[in-house]
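Down below is the structure, laid out as structure tokens.
A, B and C are the chain letters, set down in written order, and residue numbers restart from 1 in every chain.
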Amino acid sequence: MLLIKNAEIHTVTDGILERGDILVSDGKIQEVKEQIDVSDLQDVEIIDAEGCCVLPGFIDCHTHIGLQNRANPMLLGDITEITDPVTPDEQVIDGVDISLKEFSNAWKNGVTSVGILPGSANVINGLGFAAKTYGDNIYDMCMKNPVGFKVAFGENPKGLYGPKFMRPTSRMGVITVMEEYLYDAKAYMDAKEAALEKGEEFKENPEYEAAIPVLKREIPIRLHCTHNDMATAADITKEYGIRTVIEHAWGADHYLNELADVMEGVVYGPIGGKRTFFESRRTDVSTVAELDRRGLTVAVTTDSPILSLNSLINMAEEAVRQGTPIDRAERMITINPAKILGVEDRVGSIEPGKDADLVIWKHVPLRDMDARICHVIGGGKVLL
Amino acid sequence: MLIKGGTLHIGDGRILPDTDILVQNGKIAAIGTGLMDKEVIDASGKEVFPGFIDAADYAGCIDMAYHAHDYSENSSPVVPYVNIKHSVDPDEVERQEFYKSGITSMVMVPGNKNVIGGMAAVLKTTGININQMVVKEQAALKGSVINTVKETFGSRGVKPSTRMGMMNLLKETFAKYQKPEECGKLSYIEAKNRDIFQKVFAKEVPFVVAANTKAEIESVIEGLKPYDVKLAICNAYQAGQAKEAILEAKAAVILGEFSHMSSEVHYDTDFEAILELERQGIPVAISLLTDDNVLGRECLFWTVSKLKKAGAAEEQILRMLTVHPAEIFGIADVAGTLEVGKDADIVICCGNPIEACDAYVTETLIRGQMVYRKEEAVCC
Amino acid sequence: MRLLIKGAVVYTMAEQGVVHADVLVQDGKIIAVAPGIAPEQEDQILHAEGMYLLPGLMDGHVHLGLMDMESGEISETTAPVTPDMEIEYSVDFASKDFTYCMKEGITSVCIIPGSSNIIGGKGIVVKTNCAEGKKEILNSYACMKAAMGGNPQSAFGRRGKAPATRMEILRQFRAYLEAVRLFTESGEREITSAYRRSELLAGVPVLEGKVPIKIHCTRHDMAAVMQVLKDFPVKYTLDHAWGTAPYVDQIAEAGCGVMFGPAGCYRGLGEGREIDFRDVRSLYEKGVEVAMISDAPLLSPESIIYEAGEAVSAGVPVEEALKMITLYPARWTGCEERIGSIEPGKDADLVLFNGLPARDVHARVMYTIISGNIVYKMMIEEEAKKIC
């Protein structure tokens, strides 16, 4: 058992408790209130957090960690199966190497949960999952799989297949690859249901099986999408009635209406890249405040390993600097990414019953520039 | 907003001196004299035109660093199913500053690399959001039978590598989608192509095909004779030489750009004959498209100069810049002339750019918004 | 036999300015420009009432006759500095491009090597009737071609050879001029650099200020090259000169010429992103001599006329704009003594238009005359008159 005493508690979902205690046992948060009396209990480890504040562990719902060993550039990365523009049934979890330092770097910097997705080199890239960043076995660390179906519009698939003269060679070609897959998958699903209803035998095709949770709205598509592609994304989302989360979302300031109408969420970033003429040229973090105001579930991302996970907090800080209220920015790295991953019942806020992924800070993150981590608690254990 | 006291070139041949235009909600609300409004642009002594239309272009589908070739899905020579709208980057369209030359609408077409290259769209030339720029989506099906197709596919050992190969693919595709029911179960792409060809066969949209030489123009017209479609020949450098065929097929003509020397064929353009075609009722429009490139906004008026040299009348040129392209692409209800109810795409000039080199655009309005105003305008 | 052109409005581009006068031509030269010249019996008379007579137009920067670009006729890309290359040997003088130029009133062109090399070699000025078998080279060393920026960078840097950066281009450019200076100071005897003798000899007239350097440069490259050339007593032109706006004063101070264009290109990134005719007007206002170029075959040659028109639209007076396609290109390619204006003693390279180019959109060539011979006639005279 663990008791954190006298802390300023940022519950995220239920405001700030100016001074209070958190009781943790069996890896879960048991109680959160002004004063918890543990005199009756035995073996209670107590952390006196006087003058500190406690936040839930941060979450980055869009990463590719454990998939590319940057220390050995000779190795081919495991982010995307770059042999075919359509690889829907790839399970990214099967490629993750947790011995890479990205994981410990994550929790040491307060990021205790991540979404790990396939990359965006293909149009249809496969299935991503949600995991803790601490642990010994990725299948144990996994909270939920699959959590999203990764699709990419734009430059990446085109840049990979275009030079080989394979479809797609253009942005408009990318769209048709996606549309064709959804159309065929829907036809497959309808045929399957009809066959099952009649009790007929049906030969399953894993390529289309992967899309069924998407078409049934069980998981969202996680769509790499920037600029004018958002107009198309809105059309397709409406047409197929699917749930769509827009990833990266550079240039979203010009498509606010399209996004607010139909999208489930927006994962903005990474920011801090240089403004070149490619997709990230119109990076403008003030957009997240406006998206949030319009009721979208907004998260920010490092796209790690594009940026390291230790800069996740900087993304949120920058959002604050560009006009997002602190409490809203806090949500963008806690409960909102948890919702996007569909694990908001387990992580993302400080509530009884949730996983005890807690970070104790000296000074207040997103408010004070000198905020630093004192303790990281993962699954009820003091990791740091 | 009121544009006061200008000389209006309506577009249908009428010229109204000292007349006002009242703009409301992005539309032309009234044309007349003595109109009143709070916000006034003084156009007295100036010439006022309907916004000019660049009838074929793919600016914005090449990225600014020329890395992207989004104007052509060249994984296959026949790709009717792609939609150029999905390739347009509004920032790059904006970068071309079309409105400085009075160009308010453009027809965004897939490039000339594919025998059938996809669907074209009519766009306004400014805007930050593609949906707001669209005047008409799916405005035409675009094809090409010029050398660029052969260079793209033949060089990889993929059909077509010859002119007969291009014509073969073109005819085969038209034949297939005229009777799609004979093909058995259609794939997604085939079904999408069928829907597009239904529009072409119903003459809802034109088939715009790039053909440079007399031979290419005549081949296309001959090859598509069995099909009742609205045909428009673009690039069309030797449309004059292929006059009879064009008149017989009632095909429209969209002239390509003439300053780009990649296409030597334009040395032989017979402008007098092209003007004669126009007088005989063939819609003739002007564009910035070349064989495998597009040029800058100025060049539209460089082509005007060539037509003037061949003896074109002012109203004839104005039709080519406005009424004809509007008619070819079915947007005459919103663009092409200065008439009540149409979009307030209005160009105000100091001097007449169709007559004089020293004329220049002082203001450009798109849907009633002033998108350009020349700061140092001193004239009139 | 003499040729008398009667009754045209003559844009002389010389002291006389614009006059209503007759022009008398004999043995390929202009011998008189005056009103009411009485014809002699044998004289051929060209009735040009209502027409405009201009000196033959000139484009000071083209790569015509080198159309077979794929075989690499345009630049000798085996080394970045090739000053002794003579473009004359690469040109196909029978190319129909030249015939096309005559039709459009362009009577001389300066043909130069491409811009893949830092120093590309010698350019020539030739009359465009060369395709008719009368190759007349006005200046066999009209300029030394040089290039800054992206072209040499990509031509060599991508192959892993120097230059890969803009700074290396400037370094090599300066090093070559230094080498020529040392060579000259030694009385053309000692070679203290890695350059061959003929390469250094090519640079001697450049350093003597007799042959201008023709420098492909845009934007900040202009500032850099002007800085380097402060140390050398050379004449030069800044060619293309897109994005001039911030450097107008510097250019005026340097006393160099500018060859502007081609304009009318797609606005991409890189060198061509700022094409603005207001720059031409600013340069003109500061007294800089600007010539319009088509860079043919990049744009077709007659584009220079449209470019002059764009300059007028931007506020340059018509006469000045016309000098940009006649007198100034002639001056900056060392041909001013022969062509560029209508004055007694100059070559009879003349063009008659039915309107004033750069002012009237409909202006088209009625006659082109090279060395006193009518080389292009739009149609028979009566019809020509009707159009006027």
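FYI, contacts are C-beta pairs under 8 Å (C-beta built on N, C-alpha and C of every residue); 3 or more make two chains touch, one makes a residue touch a chain.
Because the structure is predicted, anything quoted here is derived from the model rather than measured.
Visitor: Drop chain C from the picture, leave everything else in place, and list the groups of chains that still touch each other.
Guide: Groups after removing chain C from the contact graph: one piece.
Visitor: So which chain ends up in the middle if you average the CA atoms?
Guide: B
Visitor: Averaging only over C-alpha atoms, locate the centres of chain A and chain B and give their separation in whole Å.
Guide: Here chain A and chain B have centroids separated by 45 Å.
Visitor: Between chain B and chain C, tell me the centre distance in angstrom, where each centre is the average of that chain's C-alpha atoms.
Guide: 34
Visitor: How big is the gap, in whole Å, between where the Cα atoms of chain A centre and where those of chain C centre?
Guide: 61
Visitor: Residues of chain C that touch two or more other chains: which are they?
Guide: Those would be 269.
Visitor: Counting only residues that touch at least two other chains, what does the list for chain B look like?
Guide: 64-65
Visitor: Could you pull out the residues of chain A that touch at least 2 other chains?
Guide: Residues 277 of chain A each touch two or more of the other chains.
Visitor: In the complex, go through chain C and note every residue touching chain B.
Guide: So the residues of chain C in touch with chain B come to 96, 100, 263-270, 273, 275, 294, 296-300, 303, 306, 308-310, 312-315, 318, 358-364, 387.
Visitor: Touching residues of chain A toward chain B in the complex: what are they?
Guide: Against chain B, chain A makes touches at 155, 158, 161-162, 165-176, 179-180, 183-184, 227-229, 231-232, 254-255, 258, 277-278, 281-282.
Visitor: Under the touch definition given earlier, write down the residues of chain B that touch chain A in their complex.
Guide: 61, 63-65, 68-76, 79, 81-91, 110, 118, 128-131, 156, 158, 187-189, 192
Visitor: Can you list the residues on chain B that touch chain C in the complex?
Guide: 59, 62, 64-66, 95-97, 258-262, 266-267, 293-296, 298-299, 301-302, 304-305, 308-309, 311, 353-360, 376, 378
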